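Chains here go by letter, A, B, C, D, E and F, matching the order in which they are written, and residues are numbered from 1 within each.
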Amino acid sequence: MELLLSPPILFFFLGGLATLMKSDLEVPKSVARLLSLYLLMSIGLYGGYKLAVGGIDGQAMAVMGVATASSFVLPFVAYAVLRWRLGAEDAAAIAATFGSISAVTFVTAVAFLDNAGVSYSGYLVASMALMESPAIVSGVLLARLAAGRARRRELESSGGGASASADDARTEWGELFREAGLNGAVVLLVGAMVIGYVTGERGWASVSAFVYDPFKGVLCLFLLDMGLLAARRVGDLRRAGVFLVGFGVVWALVQGLIGVGAAVALGLDRGDALLLAILFGSASYIAVPAALRLALPGANPSLYIPLALGITFPFNIVVGIPMYYALLGWLGLEASVGG
Amino acid sequence: MELLLSPPILFFFLGGLATLMKSDLEVPKSVARLLSLYLLMSIGLYGGYKLAVGGIDGQAMAVMGVATASSFVLPFVAYAVLRWRLGAEDAAAIAATFGSISAVTFVTAVAFLDNAGVSYSGYLVASMALMESPAIVSGVLLARLAAGRARRRELESSGGGASASADDARTEWGELFREAGLNGAVVLLVGAMVIGYVTGERGWASVSAFVYDPFKGVLCLFLLDMGLLAARRVGDLRRAGVFLVGFGVVWALVQGLIGVGAAVALGLDRGDALLLAILFGSASYIAVPAALRLALPGANPSLYIPLALGITFPFNIVVGIPMYYALLGWLGLEASVGG
Amino acid sequence: MELLLSPPILFFFLGGLATLMKSDLEVPKSVARLLSLYLLMSIGLYGGYKLAVGGIDGQAMAVMGVATASSFVLPFVAYAVLRWRLGAEDAAAIAATFGSISAVTFVTAVAFLDNAGVSYSGYLVASMALMESPAIVSGVLLARLAAGRARRRELESSGGGASASADDARTEWGELFREAGLNGAVVLLVGAMVIGYVTGERGWASVSAFVYDPFKGVLCLFLLDMGLLAARRVGDLRRAGVFLVGFGVVWALVQGLIGVGAAVALGLDRGDALLLAILFGSASYIAVPAALRLALPGANPSLYIPLALGITFPFNIVVGIPMYYALLGWLGLEASVGG
Amino acid sequence: MREVKRIEIVIDKPHEPKVRVALAELGVPGLTIMDVVAGYGDRGSREGGALSDAMMNRFLLTTCEPGQVEAVAAKLEPLLRRYGGLVLISDAQMIRNA
Amino acid sequence: MREVKRIEIVIDKPHEPKVRVALAELGVPGLTIMDVVAGYGDRGSREGGALSDAMMNRFLLTTCEPGQVEAVAAKLEPLLRRYGGLVLISDAQMIRNA
Amino acid sequence: MREVKRIEIVIDKPHEPKVRVALAELGVPGLTIMDVVAGYGDRGSREGGALSDAMMNRFLLTTCEPGQVEAVAAKLEPLLRRYGGLVLISDAQMIRNA
């Protein structure tokens, strides 16, 4: 309970409440961007530093491999479920957001572990970085395959002009890979991790007063804004209907539990397992949407952004994190102690 | 003297000087908003934490009650004085700003106490939160009463159509209470205070590296900007005339001394008494104007904002704080020691 | 090597790389302004505090005198070289940027010394402040002299109307001195230094948690943005040609070595000598351009800004700082130890 | 390309919601909003945003059918009279995705 | 003063580069870009920028010769059809440094 | 509603004060200023603001009486010649609080 009522989570509630009460409380956009840069830089440096100290062993490689693969594969499963009710492009876009991750959810889980005095490994941060982009490729692939099928069906009943659009698709793959891999959030996270790794103990000592000490306080401010933004987006979902809202909770849970299963199978300790579960179960509302606007301009961003931001994110930080943590304890996973 | 020449006050002078010398030194608007959010969040969390540690006793209740009442009542007195020279709406608006408080003045006083090694109680922060809004209601009430009197006078000499505008007034009270109570500054301050109270010692430990340690440094940057902004607003007052400028100083003093009297009567220690005096004596240029633009659109914001920001604010942080502090010592109030 | 691969420098590379790879990583403009204000305020307060503690002796006066004189004189030399290929206004503008200094280069050198555990004197910060503006005056003087010569030549072959434009020039000198001396960066740096000096040990204790502890971490974020901005400006130089790019490196080196010579002649220790070299060798892309847009509207900002920002700045922080430091060691200068 | 009326509105940020409601009631097909840095008019200068939105202006751009201009003017005029601000109406040709 | 056509474009920020390429190909003599705070149109409301540019609009102002209008419209129409947005074209007189 | 001339000006931010002085001398009844994010014209691209205002543009919107256009052009032309930038003048109908 005490872990649930931590300042960051309470500031998230405060933001949500302020929006619901129609307060004019507002965080400027450039401030939100600053906080976002700060959190990515901080967690990247910390993860890199921990990798430098802890080293990369077989288990680390296994976890990073499983994480990357899940980001590729899970969208195919989510897509199949979503197609039940949605068009191909919207289904592919939502599937992509769920295959990828939410860095803010991750750092909230990190703060949760920190409060509980439980440590975690640097390669979980690396796993987060590795999971950002593959899902984007899968999502676009899914939409292209569906469009191809549709086109072939059309062609069978008419004939003509397919080579031009195939060409069209080819040119855009290049842009897609750039967008997927070189999204600002990915570049900063990976770059900070590499810098943390390369500069090690010495580098960490010189920056930790900025990137570590005030971390949880900054997170409060950012989650206040996330509360404001998430509550505003909930309204967008009224039109989307109960299926999508339900999907945002249930599918987060399904993927989160797959993550728990993977963590148990990989023999992770409780802290690392929680982070893997939350990576699996979280959905992207920053990096993936930015890439999808270009890669899938036909998909409706007023569906896939509000779902990830207004439903799945609050679910994960309020319910998911403590629940997975409890579950992992109940499953007998041991926590490593220390920051 | 050493207390007067603290870095925050000197940065305020620097900002004022920069504007007077027509330097192009500028703090971006979104940065000013960030600093403002930071200070409200910090002081709120600290106040809540101190309440959690210190508890709420009879004296706390008494102080908070007196503070709230003063915010309701003082505008009626100020209004009577202002009506001597100003129209009803302008008088009501200025009276409302003086009934309410300036959070930046308050945190400057807090930094002053901190430098002097003098402690204060959490319920003074609560008092600040309680004093923000009532004055807005009083101000609007004053303007409505005046408008009602004017209308009745007109009616007596003509007749007809009053029910429609009464209806009009009724609808707007709802909006008014929302604006007064749910202004972003009020919501953040109260919310942070509740969070500080609920999470107590443990929560404070996790956020103090962000909200407490760099507090006085951040205040320097904010007061630099306040100096830039205040000096720019002084120009607006040239048109307003000597009555208003005089009022901005004299009335701040009158209300500040009423605050000193209340503090003595309530038996406060020196630190708490200073804060109460400064709450009484300060005028709002953030929360109250934001509400008044909606509630009293006929009042001239180029009067009530420059007065509170360009006259009363500098007077309080440069003269008021050290003067009240000296006076309270001379009156024999004891200071409690410690942060 | 370890000193070269410090986090700030690596973040600069990361920013450059992100731009080259066409990532959409971006730091909002108002955030860049905040970081810039922070660094000026921090270094100013620290320099002032060190002056208060260390005092101002004969050597301090000598260094500050030499620094100021160099900012006046060096533009005349640079101008003579630049006129070989450029028009008078462009040559004067570039000469002015090189006579002045880059505060970000300076703080990067400060962070370098800090990592090496080497101390430096407060009057080097004062020297930086003194060097900002004189070069602007020299640059404008050079352009005016050239324009005067051109006009006289014209007059000899025609006759008439010179008094009007002489009048024109006279009026603008006032504006020029204001711009040169009251540029926001100069005012903040000088103001913070004075405040640091006046408030001394006690003031420093109250603000160092904000302006000192997180300094190197904040520098990382700022250099990330500098990398993004510098790499973007490199493209502008394609049109400028190889002469200018070469000048940006070679002239930085020439002035840097003059600085090394001056430091040796003045008998500075290794830390102070490095900072003097880097003040001589760096070029301004913030304060001077802001003044030149008004003072020399005919000079092309797409030449003098990219050169200082895209060529000289990276050269100095990547090559210049470690190289001068090594050279100064090789020349036998002793480093004073401690922060 | 279609002939439309182009409507620009400058209004105090605190009163912007009322203008948006009015435009929605008029049924304009779209709206674009931009921040105003500074300005002046009959009620003096507006330059703010650092401390609160109280002294900030907003700029709104929208369109309507040429025949709707009278209705738009009738709807916006009372708001301008009460809260100040500016409306400019001009002719334009519009290209849209439809 | 010279008669020109004044062209205003509202487009999703992620698609702005494509519009800039199109304008460069048309050879417009200059361009001015401003941030859009919020807006709505056929594809719902756009209000963003806090977390990513995905839901942000941009406003572009440019000019062309009166005779070029058809070419501009032909070039921009396919972009609007695919990505949404708005183009307004009106008459203006231009003063320039030349 | 009243016929007015709508005047748009793009100018380097460092030179904006001179334009404001010129407009004040012309006696324009109001002014609205917005930030420009990026732009290009004869003097190359302008995109700045991160480090200083040296490479930033500003956008100014004002109005004048139809008969005043020549005076406005005469006043602004020398500024544009010296400092670059753009002025666009078009017809509009204005609604005001008066």
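Observations, loosely collected:
Throughout what follows, a contact is a pair of C-beta atoms (placed from the backbone, for glycine too) under 8 Å apart; a residue touches a chain by one contact, two chains touch by 3 or more.
What you see is a predicted model, and the numbers here were worked out from it, not measured in a lab.
The minimal number of chain-to-chain contact steps leading from chain D to chain F is 1. Shared contacts of chain C and chain E, meaning chains that touch the two of them, come down to A, F. Seen from the C-alpha centroid of chain C, the farthest chain centroid is that of D.
Averaged C-alpha coordinates put the centre of chain D at 19 Å from the centre of chain E. Computed centre separation for the pair chain B/chain D is 33 angstrom, with centres defined by C-alpha atoms. Computed centre separation for the pair chain A/chain B is 42 angstrom, with centres defined by C-alpha atoms. Within chain C, contacts with two or more other chains are made by residues 24, 27-30, 33-34, 213-214, 290. For chain D, residues touching at least two other chains, in rising order: 34-35, 53, 90-91.
Two chains count as a pair here when they touch; such pairs are A-B, A-C, A-E, B-C, B-D, C-F, D-E, D-F, E-F.
Of all the residues in chain C, the ones that touch chain F in their complex are 27, 29, 32-33, 36, 225, 229, 236, 285-287, 289-290, 292-294, 297, 300-302, 305, 309.
Across the complex, chain C is touched by residues 12, 14-15, 43-45, 49-55, 82-83 of chain F. On the chain C side of its complex with chain A, the touching residues are 2, 5-7, 10-11, 14, 17-18, 21-31, 34, 111, 114-115, 213-218, 220-221, 224. If you check the complex, the residues on chain A that touch chain C are 28-30, 33-34, 37-38, 41, 45, 178, 182-184, 187-188, 191-192, 194-195, 198-199, 202-203, 206-211, 213-214, 290. Listed in rising order, the residues of chain F touching chain D in the complex are 1, 4, 6, 29-35, 58, 61, 63, 90-98.
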